[in-house]
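The following pair of complexes shares a single chain, chain A, combined with chain B in the former and chain C in the latter.
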Partner chain A sequence: MKNAKKFEIYRTVFAVFIALLLGYIIIFMTNFSKENTDFLIGLKNAFDKTNTAFRYFLTSPLIIERKGIPEFNIRGFIQWINESVPIIITGIAVSVVFTAKQFNIGAEGQLFIGAVAASFTAVYFPGIPVIHSVMVILTAALSGAVWASVPAVMKSKLNASELVTSLMMNYVAVFTGLFIIKTFLRDPSAGQLVSLPYAETAGLWFLNSRFKWHIGIIIAIFMAILFWFIMKKTTWGYSVRVVGNNEKFAGYSGINTSKTIFNVQVVSGAIAGTAGIIELMGYHGRFLWLNGPGYGWDGIIIATLAGNNPIFVPFAGLFLSYIRVGAKTMGRYTDTPPEIVSILQAVIILLVTAEAFLAKIKEKSVIKEAGKFGKNIEKAGESNE
Partner chain B sequence: MSDNIIEMINIWKIYSNGFIANRGINFSVKTGEIHGLLGENGAGKSTLMNILFGFEKATEGKIIYKNSEVHNYNADRAINMGIGMVHQHFMLVPSLTVVENIILGIEPRKGFSTDITKAEKFVSEEMKKYGLPVPLDEKIKNITVGMRQRVEILKTLVRGADLIILDEPTAVLTPQETSELFTALRTLTEKGKTIIFITHKLGEIKEIADRITVLRKGAVVGNAQVNDLTEKDISKMMIGRDVELKIKKNPVKAGEKIMEIKNLSFTGNDGIKKIKNISFSIREGEITGIAGIEGNGQTELVSVITGMSAIQSGEIKFMDKNYDNTEKLRKAGMSYIPADRMEIGVSENNSLEENLISDRFKTKEFSKFGILSYKTIKNNALDKIKKFDIRTDSYKSPVKMLSGGNIQKAVVAREFTSGAKFIVADQPTRGIDIAAADFIRRLLVKEREKKVGVLLVSADLTELIEVSDRIIVMYKGEITAKFDDLKKVDESVLGEYMLGIKRMNTEEIGDLE
Partner chain C sequence: MNQMNNTLNGIFSWDFISAGIRVTTPVLLAALGALVADLAGTPNIALEGIMLFSAFVGVITSAFTGSLFIAFIAGILTGAVMAAILAYFSLKLKTDIIMAAIAINIFSSGGTIFALSVLTGDKGSSASLKSYVFPSVTIPIIDKIPVLGDILSGHHIITYIAFIMIFVVHYILYKTPLGLRIRSVGESPKAAKSVGISVMKTQFTALIISGVLASLGGLFLSMGYVSWFAKDMTAGRGFIALAAQALGGSSAYGVALGSVLFGFSEAASYSLQFMNIPYEITQSIPFLITVAALAFYAWKKINYIKKIKNNIRK
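On to the complex of A and B.
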């Protein structure tokens, strides 16, 4: 049992390693053969360039060279942490709903609608410190939940596939949201489509105000721990897990499965609803998206990497955010395109979700262990008889 | 040259989840004999035969067929070498005719189409040669289970099988069909075929087998001529100790009606009427047994009674009230041991301790303010593991790591401790070993003495007669017989009603209250 869990961790680490190796090879290939020089020199140049690019990619969120001296990259570090916040929160939302085997992929729309609705609260709610911020987040959670209840109702009443309906609802959310912002909340003095600035009381505390390091990460990690507790230790979480593992068994045991399925989608929607507004109130101070920010999709990647366990979600989120920030810096300082990170993501997800990947090694170790165990039992049996 | 048609030497099989099914088994069969392979469920019989038939690969060991060792073994080669297997669940296409099923994959051709006349001629020759008459032009779905089995045997013969493996062939047969099968098997051996007969029914082995091999916990524990043994010897070999086969039942007076079923009808998803206007009652302190060949409406009856399927027409009253789902029925005091334990009875990816509380995790004992108290959950699991002898590495193991019999014990441990007033037991002992089955039967009888009402559905007629206080026979969705005095009933009497050869009229059935 414990070995099986350990094995999953090894496998994830190994998948990351392979992806990085592949990334290295691809960067190498893009750097090679551009110039018509001698083959060996070309090879050497390509290696040099690739190594530089890779160094930026892997270290820049933490260390940056200034005048040849490496020092702690505070700006990069804060960017890394801040960017991980919304995707950790959507990761938790997706983990929760996937635990019930409900493939609701509506986090993107939920966070968008949540942010739009909460923008009203952020602009117009009376400016009482703390309470205002809390009200903004609650508005977002509530609207995310309401938005998520649409596919949930369609699933439980009409048995419509939540996969399709939640996907479609994402587009509805983005265009409805933009319409609402444009019509009711547009800042006429701004040169582009953004909302009125949020009230000052609707912000988040800063841990470092120069680079706008807000407390979003603390909220995100708190939510991860909270939902880990809810899923593992409460009757509600138990029902969700049992329904996800075997719906027939849940019904047979007297668990109200359709209610559980409905509830889990709404709760997930409430979590996802807060993902966007936390970034907007903490960093930007107004609504400024013209498109879905993509955090909902990232949430699916992160939930998968974390094995749908909320406690692992922050790690997965921090990892994804790290390689993205690294790739952006790499793109700024070298001529390697930062989109390379999408390839790495894809490879990692592919290997982590491919059940057969390294399964032979696992099987062999199990057989070896069981064989030993079995032969021991046999000996014990002989001495008994 | 030995006269063994097959020899399996030092066979080990370890599954990828760590379960050891075969531990160094040596198994040989002489040409022309009927060889009984015995063992409780989980003893490793099916695994061994799957290895012999090339379905599964042994982790270690070698196979010698007709005195030469086989390498790179698979099911294709097994068939080509002359090994045939008749599985417990038949592998036939219901919408095709008998002859089409038999020649499937080896059709004689005429241009681009099948030469059906040639096929029929060929099959009917084989049929006559081995004394296995089947209706060649009838579709599989229209013939009886016994016939289907014959088709399966013919299938192997047509493919040139010399060694035929029969996996629990009598499990689905009535006593009449069983004796026909035995006659056919003897004819086959007279013609030089060899038969491996897997079973855990002792009586049959004495009747049909020449020699037996007994497996226990994945290893061979005995190998002998049947004539040298009594049934008791064999059962001792299988279980490792003496088992008291008779259950003692104290007389209990049936009390109030606990469940009342009135004019119940049910139509399945396929549009076929599965239950036709049935009415009967179940009383406190009484075990009502339901007999019937699979597919005669028992499954649907259980499903409706337990609230898993909605009532379509008719009425069901549980302690004078109507309920419309399982949740409410359970709260009102129903327990249910489902026939399909993997699909319905457990959640295999949840731990054992979590499976043991699935119907009661919301009670004060196991949770406070919505938070589970894992300490009591653990203690509950340890207690059940001890009382019900559930063999597991840990109370935290996922249920899928347990063997079939132990999973059933876990289901039973949960369902018998819920304080129920009414228990529905659907095939409670199917596929589990004799000792565990005996344990479960005794529990049922004990519950009855506590004034609990029991509905027992079982394909094991011996069990049904032994445990029940009265038996109802279902045939094509109707009640066709009722027996109140089970001293006068035996398997063959029940068999006649189950097959539809006989049926009681309404007066004979009488009062079903």
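On to the complex of A and C.
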């Protein structure tokens, strides 16, 4: 068992390495094809350019050169941490629901509708410090849960595919949400479609107010630990895991499977519901999305990288956010478009989720472990004699 | 009242029907692809990404070769290759097919922008390239008949292909050995295997058919609906196709009806905006209908199973 887990970690690291290598090759090829000089000089130039691009890509969220002297990039660092917050939260939501083998991909809609509903609380709720912020987050969680209950009911009562239903609900969420903002919360003094500004009491504390580093990351990490505990250490979490492993077995062993399937989707909806509003109240101070921000889909990537274990989700989220912020800076300073990062993400997902990728090595390690186990038993037998 | 009359005229005019058919085309093609894949038991969520990449390859190839034929072939090959990658990862390497499809969608969305930017220096659209569009077809005789001519004639060639595909897909699925294999593999892989059908080969074929159908939809978007490639131009049509397929069930005709509902409600949302009916409401109606229809199908299936169980007891 231990070896199998270690193997998962090695495989993830290996997949990331292959993706980075592929990224390097692609950037090199695009640079090389633009060179019109002598072959060798062109080769050298392309290598130089690619190395520069890669240096920005891999180091810029932490280190930036000012006048030739490398120094800590506080702005990049805070951007990195802030951008990881909503995707860590959706990552937790997706991990929880995927653990039960429920392919509810509605996090995108849940966070959108959660943010819209919570915008009302953020604008109109009486401005009592702390309580106001808590109420805003609770409104978002509640709305996300309500939104998730539609596919949840249909799956648990009627056995209708939660995949398609939750996907439909994403579209309905964006259309309905925009309609609500436009009709009831629109800021008439703003040029584009944004909500009225949130009340000052509906914000989050800043760790650094100059670059708007808000406490979202602490909330996100707290949620990760909380849900790690719930999933691994409580009866409810255990029943969710059993349902995910083998629904029939769960039913035979006395777990109310349809109730568990309903509950897990609603809980995941509540988590996802808060993902958007925390960014809006912490950073922007109003609702300003004209489309789904895509965090729901990012949550799926992160949950996959984290092996659906909430405790690994912050690491996966920070990793994804790191390469994105790095890619953005690379795009600003070099000719390489930052969208290269999507290609890397796709490769990482494909390789991490490919069960048969490197499976030969896994098989060997499992056999080796089993062999040790066998020897131990033999030894124990001998000593007994 | 007058305004309302105008709008109603707008909705029920022949122009509106033409517009509806135009909007339906890409959704219909992708939805037929979704149907073939779904019946084989390998739901294809990557239609969105496949459409997008084919749209991109079509435009770029036509701009660089100047040949519509090569662009057409390249676009379709793109669809087939991407579907083959999806099939290879999900069937051979045992990646979860939903995950593999999500990866392909991410790859397409970012990869097309990356390639567009490298090739043209522009990230938003391919407007700087001189690309070509597939021709529209005027059907002789019919186009002279007053109303019918307006509706039936003068459409884009891929629109005709799309509507012919309804019958082709229906024929393949329900009248050919391949269709029987696809359906039996989807229904029960074990039973299919026991009678000597190669499950993997059949699912591979079904996925490639679905990829090719989706790629036609993509080619229509960038080389018919408009004459350029723009980033994320599929705008969720691949997912809408999944909804249309869910609505239409397992019949190609049902799926076609589902696609028409989505296409026409999108077209209607533009007209109804003038009547102060917000487009958000009009556009979310088909999604709500799909959710309701899914609930209804599931409820019917449960009752059906109950009925059979009762019959067995008797």
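Just so it is clear, the second predicted complex is superposed on the first by the 366 of 385 C-alpha atoms of A that agree within 3 Å, B and C clash if a C-alpha of one lies under 4 Å from a C-alpha of the other, contacts with A are read in each partner's own complex, and residues count from 1 in each chain.
Criterion: a contact is a pair of C-beta atoms (placed from the backbone, for glycine too) under 8 Å apart; a residue touches a chain by one contact, two chains touch by 3 or more.
Just so we're clear, the structure is a prediction, and the values are computed from it rather than from any experiment.
Participant: Should A:Leu22 be classified as contacting the first partner (chain B), the second (chain C), both, or neither?
Facilitator: Neither chain B nor chain C is touched by A:Leu22.
Participant: I'd like to know which partner A:Leu358 touches here: chain B for first, chain C for second, both or neither.
Facilitator: Touch status of A:Leu358: no partner.
Participant: By the touch definition at the top of the document, which applies to A:Asn256: first (chain B), second (chain C), both, or neither?
Facilitator: A:Asn256 contacts chain B only, not chain C.
Participant: So, A:Ile215: does it touch chain B (first), chain C (second), both, or neither?
Facilitator: neither
Participant: Going by the contact rule stated at the top, is it chain B or chain C that touches a larger number of residues on chain A?
Facilitator: Between chain B and chain C, the winner on chain A residue contacts is C.
Participant: Could you say whether A:Thr235 touches chain B, chain C, both of them, or neither, answering first, second, both or neither?
Facilitator: first
Participant: Check whether A:Leu207 is in contact with chain B, with chain C, with both or with neither, and answer first, second, both or neither.
Facilitator: In the superposition, A:Leu207 touches no partner, neither chain B nor chain C.
Participant: Under the stated touch criterion, which partner chain does A:Ile63 make contact with: chain B (first), chain C (second), both, or neither?
Facilitator: It touches nothing on chain B or chain C.
Participant: Which of the two partners, first being chain B and second being chain C, lies in contact with A:Lys182: first, second, both, or neither?
Facilitator: second
Participant: Can you list the residues of chain A that touch chain B in one structure and chain C in the other?
Facilitator: none
Participant: Please give the residue numbers of chain B that touch chain A in the complex, ascending.
Facilitator: 12, 14, 16-20, 23, 59, 218-219, 306, 308, 326-327, 330-331, 336, 338, 343-350, 354, 358-359, 361-362, 367, 370-372, 374, 393-394, 396-398, 401
Participant: For the complex, which residues does chain A have touching chain B?
Facilitator: My answer: residues 1, 233-236, 238, 241-242, 245-246, 248-256, 362-363, 366-367, 369-371, 373-374, 378.
Participant: Would you pull the chain A residues touching chain C in the complex into a rising list?
Facilitator: 30, 103, 105, 150, 154, 158-161, 163-165, 167-169, 171-172, 175-176, 178-179, 182-183, 297, 300-301, 304, 337, 339-343, 345-347, 349-350, 353-357
Participant: Under the stated contact criterion, what part of chain C meets chain A in this complex?
Facilitator: 43, 45, 89, 92-96, 98-100, 102-104, 106-107, 109-111, 113-114, 117-118, 123, 236, 239-240, 242-243, 246, 278, 280-281, 283-284, 287-288, 290-291, 294-295, 297-299, 301-302
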